[in-house]
């Protein structure tokens, strides 16, 4: 059985961009606490942005077959989405021989995990379990390769 | 605005265990290729297991307020779930002053990202977009603290 | 010529705490922009806290002869200090065989570097140089070993 | 509140160079021990050079909004500066879309921290505190961008 | 005493490729277990491939004077070599100012270490020692620089 | 196909020690240059010690199924071995639920790789190949578990 990193040696370095998004479902009480800046551990939205940006840069160390890429921009937006959700959206850019959708997805998921970590004390039930919390609908919503653009409709959270 | 790592200095070191799970939705054709061992980049299920185990050990480097913990076990299961999904389930154990749900979630999400990366050539449409692929239902299904156990019913994928 | 990590195998694991502090001198105009939340790259004080916490956990990967330690708490305070400075103070705790002053110093310096990075566009002169910016007075202000406490007067910035 | 990595996608890749410097103040007795090669843990100056070089390469993993850059050279000088100091000077080069002053500063500070770690047993007082030790005057002394050079007078230590 | 990273700032970016190989000697019984897929910890050959690929990407973080390079391909082959050996061969490619033989060697050695780790329970004697296990003959078998190719005869294991 | 990290949750934390060793074969001219401190890149023996110590701490990030362990000591010796070799020997200690032979082996191999990197300009032939250079005989020479000691005769290099 083989495992193969794609050989991109012969490919041209062109501009690449990818946007991924995802949602974490929380209890409405937790979302209210976030809105009111009452989360004891800090500000989850801002912290998630920073964690997401840092994670994008670690993608090739986390995903075995990803190439190390010279990212020229990482942008992570984190916003409250309705009464019981927080949405993370990450856009990554590079000029390279392969795309950056895995970087955008990694930034998104680490952003969501960071939100979870910061609010977990409010999400736990009395048995220490998380019956309400879940990360959902993590997907690539846009991928751009110099000259070729595609965009996929994003559903509202 | 403050940001606060929980001070666990005074807490006893007790056995901790957490299990997280999540799903990646793929095209049925892609799942069929996985079953038939025809994925060009390698074996996604096994690769995801290894990436998930390694990621669990990087949790405190990725999630800003997580404590570095001496993990005593990480187990990652990856299986085909129905006609259009792959499910990752990660269980992490430690003897420590705080729980390991973030480690289990990190292993799960990096496992799912690794599956995505390995099959992405089959999931892309002609415009290079991923209309079918999504990571769903990432959640903690079990958390154990020495003496106190809780378990939450897992829905079938 | 030899290089020797201190062998702490025979030492008891006791509670340890250390606090380090340091200052970055900035132009008064830059400090004013920070106060007014007008730094284009984001909020330097909060970002520095997160970067400092993460850096504390990387200490043994950065400083060759440091031991990897199971940190039980990292706290990083960042505050404006007078008209032309920002002060970072980091406190690290563990139960281990050796102290955590290097962890506190690492958190402090990476916190200061992060402030620099976030405001550097306002600190540069027309030749692209930094005649005003400097990190100063980085030191350990408190070190605690279970039973033995010491504290050193901190000068006002 | 937003956090923004500068988007350098449209910038040309040009030669960049930056030099940073800083000082660690030590007890004269400690500096004497360094000169006489009597530091028990090893050779602080050489070890600091290596730690500084390695740290330059980790800059974008430590400083949240730094871009990952393909460094073409890192040079770290460490020298005794007067009777009670050690000076670290780091020069970093790249061909990239953004400058390398943060890399030079990171190499410098980790070099200084490494010196501290190696001599800390001689700097501690009887209460285990460090009344004499401090890192001072860490700053960028030169920044070069292809065609544009600036240099700032360095004060003698 | 100085330590010097080679300054490659002025060198052109050209295609580079290097292949390294090495052998781990195991007990014939262990090799038989590998062939029969009976290793309790998993599939050593596949796991070694993944670990080797990931390690290639960490080369500049492990070897102090290596430059960070944008690898365009890493390929790791792991095969049973005779009755008592497993051979790892790694090929790394880049377009850069310096060669990738250290990356190929790092991938090879971490691949071999991974094999060791996975079979170590079968290699230990009753005193917990490894009288039979050894990594041998780790070397560079091919190095290519755009236009200039060399190859060295590889001995059969 | 499964991959299984050994579950050490139920094991007692006891003192562990392991020593590994290995050799790099070099041209006699290169060994002479090392002896005379004429290697342009710096001092290979000292640099290898530091790289080896740092690598021991990264073992669980490199070898997929290794547990993260709180190392209490890492000692790396590097010496010239005869006319055409350099020998690296690494000893690692911990108090943990599993042994540290992989840490000792990782320190040894990264130490050897660092020697290679520092002298490679003298080892290359005119075609840019390395016909003489090889890492040999990397093995565990001693493994200690509290109460149980074993030692294996080491052959002279």
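Labels A, B, C, D, E and F are assigned to the chains in the order they are written; within every chain, residues are numbered from 1.
Heads up, the rule we're going with is that a contact is a pair of C-beta atoms (placed from the backbone, for glycine too) under 8 Å apart; a residue touches a chain by one contact, two chains touch by 3 or more.
Predicted, not measured: the structure shown is a model, and the values here were computed from it.
Participant: Please give the intersection of the contact partners of chain C with those of chain D.
Facilitator: Touching chain C as well as chain D, we find A, F.
Participant: Under the touch criterion given at the top, what is the topological distance in steps from chain B to chain E?
Facilitator: Tracing touching chains, the least step count from chain B to chain E comes to 1.
Participant: Quick check for the class: compute each chain's Cα centroid; which one is farthest from the centroid of chain D?
Facilitator: When every chain centre is compared against chain D, the largest gap points to B.
Participant: Centre to centre, by mean C-alpha position, how many angstrom separate chain A and chain C?
Facilitator: Inter-chain centre distance comes to 28 Å.
Participant: Would you kindly tell me how far, in whole Å, the mean C-alpha position of chain D lies from that of chain A?
Facilitator: So the centre of chain A lies 33 Å away from the centre of chain D.
Participant: At least two partner chains per residue is the criterion; list those residues in chain A.
Facilitator: 1-6, 42-43, 46-47, 49-51, 54, 58, 61, 64-65, 68, 70
Participant: Mind listing each pair of touching chains for me?
Facilitator: Chain-chain contacts present: A-B, A-C, A-D, A-E, B-C, B-E, B-F, C-D, C-F, D-E, D-F, E-F.
Participant: Where on chain E does chain A make contact in their complex?
Facilitator: The contact residues of chain E facing chain A are 15, 43, 45-46, 49-50, 53-54, 57-58, 68, 70-76, 93-95.
Participant: Which residues of chain C touch chain A in their complex?
Facilitator: Its residues touching chain A are 42-43, 46-47, 49-51, 54.
Participant: Could you list, by residue number, the parts of chain B that touch chain C in their complex?
Facilitator: Where chain B meets chain C, its residues are 1-9, 11, 60-61, 64-65, 67-70, 96-97.
Participant: For the complex, which residues does chain A have touching chain B?
Facilitator: 1-6, 22, 37, 40-43, 46-47, 50-51, 54-55, 58, 61-66, 99, 101-102, 105-106, 109-110, 113-114, 116-118, 120, 125, 127-131, 133-140, 142-143, 145, 148, 150-152
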